[in-house]
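Just below sit the structures, each encoded as structure tokens.
Shared between the two complexes below is chain A, which has chain B as its partner in the first and chain C in the second.
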Partner chain A sequence: MTPFYTSSDPLVWLLTMMVIVPFFMGFLFLLSPQGFSRRYADALGLLVVLFCLCGAVILWLNFRPIMAGYAFLSTMPLGLQAIGARLQLGLNAISMPMFTLTALIGCAAGFYAYGQAPEHKGFYWAFLLLILAGLLGAFASVDIFYAFLFHETALLPIFLALMMFGGENRREVLTESGIFMLAGSLPTLVGITNYALQAGPLSFSLIDIRCHLANHAISPSLQMEVWAPLFWGCAILSGLWPFHGWVSRLLTQVPVPVSMLVGGSLKFFGVYFLLQAFLGSSFWGVDSLQTVTGVLCAISIVWVGILAFRQSNFRAMVALAAVMHMGGLFLALSSYTAEALSGTVILMLASGLTTALLLMLSGAVGRRLGHLEMPQMGGIRQSAPVLSTFLMFGVLSLMALPCFLNFWGELGVIVGAFRGVPLWAPFLLAGLFITAAFGLRALSSMLMGKKVEMSDLTQMEIFSSWILVLPLVLLGVLPFIISTPISLAMKTIIPAQL
Partner chain B sequence: MRFSSLFPDWVFILPELFLAALGVLTLLLCLGRYKGLPITRHIVLYSQVAILGGSILLLQNTTTSGQHLIYGGLFSASVGMGFWGVALQAIGLIIAWMSKRENDKLPLEFYGILNSGTVSLMLLSRTSSFFSLFICLEASTLFITLMLAMGARDSHKVALKYLLQSALSAGLLVWGIALLYAATGSFSYGSVTPRVFSEYPILAFGGSGLVMAALAFKMGLFPFCFYLPEIYEGASWSAIGFLSTGSKLAAAISLLGLLVGPFLPIASVYQPILVLITILTLVWGALSALHQTNLKRLLALSGVVHVGFITAAIFIYTLTLSPYALQAVGFYFMVYVAAMLLILYCIIEINPPDASLSSLRDSYGRQPAVAVFLVLGFASLAGLPPLGGFLAKFFVFYNCLLLQVWGLISVLILASLLAICYYLRVIFGLFGRYGSAGFLPITVVPQPPLSTRVFTGFLVAVIIFLGIAQGPLSLLIK
Partner chain C sequence: MAQYLTVVLLALPAFSAVSGFFAGSKCPSIPRYLSLAVSALVLALALYLSFDVSRTFSLGCPWFALGRLCVDFYLEYNPLSSLMILIVAFVGFAVHLFSVHYMREDTAQPRYYAALSLFVFSMIGLALSANLLMLFVFWEMVGFGSYLLIGHYGTKEAGEAANKAFLVNRIGDIFFLLGIIFIVCQTSSLNIGILSQKAATMPHSLLKAIALLVFAGVVTKSAQFPGHLWLPDAMAGPTPISALIHAATMVAAGIFLLCRMEFLFAPILHMIGYLGAFTALFAAFCAFGKTDIKKVLAYSTISQLGFMAAGFGLGSSSAAFFHLTTHAFFKSLLFLAAGAVLTACHHEQDARKLGGLWKKMPFTFVVFLVGALALSGFPLTAGFFSKDTILLLALSHNGFIFAILMLSSLMTALYMGRIIGLTFLGRPESPAAEHASEGSSFYYVPLALLALGALVAGYIILYPHFTSGVFARLPSFPENYWMLAWSLAVVGVAVWVAFIYAKHGQEPLEKTGGLYESLRESFYVDRIWHKTGLGCEMFARALGRTDERALRGFFHRGMGGLFGQAGNFAKAAYVRLLTVSLYWILAGALLLVLLLASYCQ
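Showing the complex of A and B:
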């Protein structure tokens, strides 16, 4: 009989608990939405997100890959062993930053959620914690079936949160995002099942699949059967052009804490999943799709960038800027060079933090002014200096200026892209110019001009902002903290020829 | 001397015996002056809980391995059968509490009839003889007819319709059994051997086909599903619960037992027909459900689609006899039953003025927790993760994918997509008041009674748990 746990290491337990605790608490809130007073609900919710953040930091500090590039490995057979799926949790060089990113954003979203929706506190926390648990599980799963399952787990609470707490166009957005998520999830599931059936010894575990692929080549036609549905599924889920509209509209309609988790973490799942699934395998020999990927990414960068530039609504602009990053990330993936892949991980981390920060600030501004139209804002810097400072941090980080983590991510991606796909790499530079244009315009519209009366950020909102800004600046000034472990750990995964 | 050594066969159907005794006792109580007392109803309900507890204990202590026949070959006894018996008993129990919530003035007779109906279904799932199959099937029909007649106004018309339709099914069954008896000279399943099909092909093939058709009728497979929307529309929510879960489950177990038992030698003949019926069931059910505005009709038609999924898994099982395919059948049924009961319980709690979809509008504002539970129930039926419904559908897909039956896979995918469309329509309605940004307002927040909280909480936990950890249930199904 398969043991329930394959390790007794307390850090392994910590990783498992970081997935289980928010899940359990989320269900508890869901099953008893009126069973907690507002104060207890807030206290419990904050306790859980803080636990996740502290846990993520402890795991990061103790991250030492031991087996196939993974650390903190544990296995829990939950009943799907017959089809080759086991709940196998563990972190490697790619999942560790994403896992930490999710915990950071989850904590920031939790602090922002404090004091929101007083009548619906139970549901509010239930959805937030279930989304957080789903995302943490998705990034910590070594088994790709469970990674997919966890990702999908996060979707249902997003829909419920949208229905209950969403903006005025929630019905249209719900229908649209439901269709696109389904359209993305189905091919992804087909791709995953094909991958396990054809590429591995009937196992969804990435470790088993990589071991098997190291000794067994797969024919190009079979590669296409796996790669094509997975690519299209992940492209739809990530919002790559022409599937960009639904992601940006969803980000503008869901409640702010949910949009932070969606825009800052969930959106990257497609790129992350492709990176994890095909790293170390020979699947990237499928060159026939490189041109298609290049075209989609180039249009994604330029066209979505122009759309962002045309936006007068701040939150819509941030949402489109977040989607625009997908073009760069997919381009970096298709270049398949060591620099680009390391840069992709760093850029996902940086872009996630920046997007979450800007979405949170958009929520704060919207709650105070009642609108997010940039031309009507004028000088909020006089009445809300703290908010304005964080806003500047966010926008400058979005523009990938030095001293911010985005800079190192963009640098890695651009250098790698010039090596791997030189034809399409200039579009990345064009993207930077477009981002700078709409970023500076947004700062000018919102901060400069006639004074607008509004209150500044609350203590909780300031704390929430610091959670996101601190790693952006710290890792931007001292990039080796993240780049060294990622590069070292990547060497155990990335094929030697890269 | 031990009871089990005195009456060795009786031990295996102790739960059925106790439940039947409770049913008879309840009907006897209806004759006396205790009929109208609320305490009588509570005693009956808690007795059901006690019998279910005893059945679970008995199941845990049953050590019989394999399958053997009892009562002269009328029924079969095994741990697996005991598990399905407990499942049917649990369905009966939840429906009893549900019906109490639906109509507090429901006559006490209803509980007696419900318990007797549950016993007939429990025995139906154990049959190993055509004779007992006929008796149990007809007994269940009789009790369901009575339950339908005890519904709202004009329910007697619905009951009559059901009785007439069932008479057709009974006719098919009797005819089929007669043909098989003519071929074999026995009612036992074991007497239908491959030799019979070669020596008396017309009698054996004809008889098998008619028996299968009768069970297909009970399950609501195409073309025997046209009557279902009419019946559901006129029935009470509790009766719908019994009809859509217990009745279908017992019929499916019987059909499965026949297909992989006495009719296995003619598998190559019935498999193409089975797959055709499955496809037609899925397509007709999904397309018909798409434009429904009546909730009861929608549940009837979407139930037809779910039966189509289960039949697809049964088809795969008859092809491969693989335990995973059997697991898919059992898992799908358990998840479907849990979600369906949850939905019906929540609808009863919301207490809509009529069965139109618009009557559920803005239920969230009145009963937030119940509305969210209802969403979870519908989401599970739609097959959305992380709920049990997703994995139930995935198991069916996976088994089909292994056999590469692409035609069936395409229809299954189409039916799943359409299912999401019509279930989403219901979900939208629950959260009414579109067009206003911000948090939905809550007007009244009544606290549901403890029994509702316990049962709906349990059912939600089941569909969520089955979406995450399938191990324990899979083990039981195996």
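Showing the complex of A and C:
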């Protein structure tokens, strides 16, 4: 078992603080919502999200794996050692992009939140920071029990934000998403526990588990027992067909900054969790569900894509497009090839940034026009050129146009899928076409036609957009920055079959 | 040194595009002049590099690696890419020059010039790509540049045309990508040089499948039937764009790909030949039914692309590329001259409402005539050499294709004669035509340059050193006076048609009813696209209802109802059970008491 480990390395402390600070500040806002004036609340909130973004960038630039592919490792006993759980934080080449993605979206959401919700500003920031902290913790946890715990921690503030600041149908969506999240979390917890017990070393730490499994592989039948509940749990949490409706409705009802974090980061937790923690030791488990996964993913891509095509509401279209990507990601997992699994990480990063950008822009448009019905728009390009440019960036990225990171993610996933699951892979190509169809239609509905009067993006919104667009383009033009470390990491996680 | 010049060649338009997009709003005139200067520099560099095209060099670096999928960013300068870049740079410069006046009143000039530079960048990148994935990346970028430029005016019509262009091309691109994936799975290498060696050892059926998939990309990009649907609608964009994209460069990308990867298409050459010939004839007939001057030229482009594909299918990539080269000059000349007419006539595009312009715009008339003669294959013009090469090739290889192409060339002359008759001859049919006059002197230079090209570009084959082997494999034929006589006869018929239309000023074919209607509606192919679109919308609506009722109904109300019923049942059972249990408890207690009593006794 890994010994308790702390380090004087400031980067290790930085990682720990990046989880603790937003938690602390979130609780502070929650405990005294009236204690901060609107201006101070905004300033403090921005400071925290900027700290997280800067921290993530510093960690990325200094990322050098030292132990089992992980860097910045620290372990803290929090009283659950008896069941083998301890708070172990660290980042590897798979969690690093997801962690950075969350920090980026958190910062962009923070900038967007600046000046929003004039009333209950304390609560607004409290929920945002608590969700951010939960997600950062979930992606930085090497211990799968704590990763799950952090994920669940992020859910509560989402419900609270929905109740307090949500849209018209918040009651209905609250019940629905509550049921589905519970239905997803329970089998996932069963799978985690079963996995940790079967893996042997009485530890939830992935380093310990991998170390043990290197010499004691789990039998195929046991793999199937572990994989099935995990797969179904994560499928429900991620919104794979036929569980797609609740995610898209949740994204349209929560406040925009929360929807950015949910649609851009939280939604991928299921896929990330399966990939990071279980896939390497579950070849037979994945194989046993390959046909079911293939069918669900194929339907998911086409069905949800067509639903997005028929949407007239821009935000609903973006939400469905985000859910549509889950089909491709799950298909990539089931293909079990190096290209697809590495492509999955890239696609999660790219899709997360794109979804967050489009949701943010949907909020900006909605706030200005008072509605998001695309047929009633048109000609935005003339009155709001900056907004239109970012909107175009977002939609083109969604369509996986070259020079955007999505292209490389999609490419890896499609190539891998054709090698691993050739029967289902053509649906990914169909998905590309459907995305282009609804994406272009949205662009022409919103940007072309008779001029519609509206103001352009504010400085804060422009900054928020740049935070999301810059990595999409930079990594899209120079994809080796991200593809090389992920490819290497994948070999350490899933060495045998690749 | 020359290696790095290729990087500069690529970087210059990229810089112009980026600065146009981001700095244009602050100072709108900068992108215009920057873009013009960059296009001149690109032309100068392309000319400098092409003077010694015997050199072939390459440079690159790793770009992307996932598992077995490794792609390098690898630029390769070879004779074919040299000639392609020269065409792009020349036409690009002419279009830039022409746009300075044509777009002077446009409020979104920075965006226009940025998109123009982006397009030139993508075309140069495409020509320099040494591997298939990189070529695909630039191929898509070309499509995106075209999307931006077609939709430039921002009207609903322009938006729909841009969407249609992008979507139709996307269909082909997806097949192209599938072909690339097949290659990756088979060979793990996408380098075109390595592929040309490995193709020989590939199973024939697999090679054929890959060729068909990649060719699907060519069908949409180079507007071969039925992938031509987007091109006529794309005329919604500014006219200089039509000259650059829809005549000289973008549509030529598919033919360039065919020539660049000639080794891949050997198993489907016949199919390409027949499809090309059919496209040439089909589009020529469609052009005859159009009265919109730009649409006539659009269908003419499709027809000429058909000639190129047929030439390639007949086994000579040199012949196809030769026609691509000459076509770039005379077709962009025709489009720009049409642009000058539109400017003079308040953007009236219906040729029936023009007429008599030869007196009012003599320079434009002369250059348009030069373009039309070259397009019709008038002896000693550029089109004569390239088109006749393809016709003679067909004559020696395939009589059926030859017959179709001969008919197409006749139709070409007829529709050009018709449009000249309606536009330039006769008398003015509208106040706009009545008051037309020659435009700015900014128009003269590009039009004169292109007219010169349309006249002399065919003689490029006399200088094999300049083209360094690109046209070395042009088939040589014995002197064929019948073909010369045919070319003259065809032009003679065109002149006759022109005078008939000039005399009547109206459409004599209207009396034929159904036939003219079919030509005007392009044989109703476009309607199929619209019907398919409507069908998709209906299907999407039906699926939405199913999703709402079946899935949400099932999960929400169904499951909720199910659990509700289960709860009611459990409650009832519990209450009933509780009652029963009480009796049992009482009975048990009584039994216990009785047992205890009997035990005590």
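Just so it is clear, the second predicted complex is superposed on the first by the 484 of 498 C-alpha atoms of A that agree within 3 Å, B and C clash if a C-alpha of one lies under 4 Å from a C-alpha of the other, contacts with A are read in each partner's own complex, and residues count from 1 in each chain.
The rule is short, and it goes like this: a residue touches a chain if its C-beta (ideal position, glycine included) is under 8 Å from a C-beta of that chain, and two chains touch if they have at least 3 such contacts.
Note that the coordinates shown come from a computational prediction; the quantities given were computed from them, not determined experimentally.
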Superposed model, chain A: greater residue contact from chain B or chain C: C
Touching partner for A:Leu440 - first (chain B), second (chain C), both, neither: second
Partner chain in contact with A:Ile66 - chain B first, chain C second, else both or neither: neither
First, second, both or neither for A:Gly134, with chain B first and chain C second: first
First (chain B), second (chain C), both or neither touched by A:Leu30: first
Contacts of A:Thr337 with chain B and chain C, given as first, second, both or neither: second
Contacts of A:Leu47 with chain B and chain C, given as first, second, both or neither: neither
Common ground on chain A, meaning residues reached by chain C in one complex and by chain B in the other: none
In the complex, chain A residues that touch chain C: 176, 242, 245, 303, 306-307, 309-310, 337-339, 342-343, 346, 378-379, 381-382, 385, 389, 396, 401-403, 407-408, 411-412, 414-416, 418-419, 426, 429, 432-433, 436-437, 440-441, 443-444, 447-449, 479-480, 483-484, 486-487, 490, 498
Sites on chain C touched by chain A in the complex: 21, 25, 62-69, 133, 136-138, 140-141, 144, 151, 154-156, 158-160, 162-163, 166-167, 170-171, 174, 177-178, 181-182, 184-185, 536-537, 539-541, 543-544, 547, 551-552, 555-556
Touching residues (chain side chain A, partner chain B) in the complex: 27, 30-34, 77-80, 82-83, 117, 119-120, 123, 134, 149-150, 152-153, 155-156, 160, 163-168, 170-171, 174-175, 178, 182, 186, 189, 193, 197
Chain A partner contacts - residues on chain B that touch it in the complex: 323-324, 327, 364, 368-369, 372, 375, 379, 384-387, 390-391, 394, 398, 401-402, 413, 417, 420, 424, 427-428, 431, 434-440, 442, 445, 447, 457, 460-461, 464, 468-475
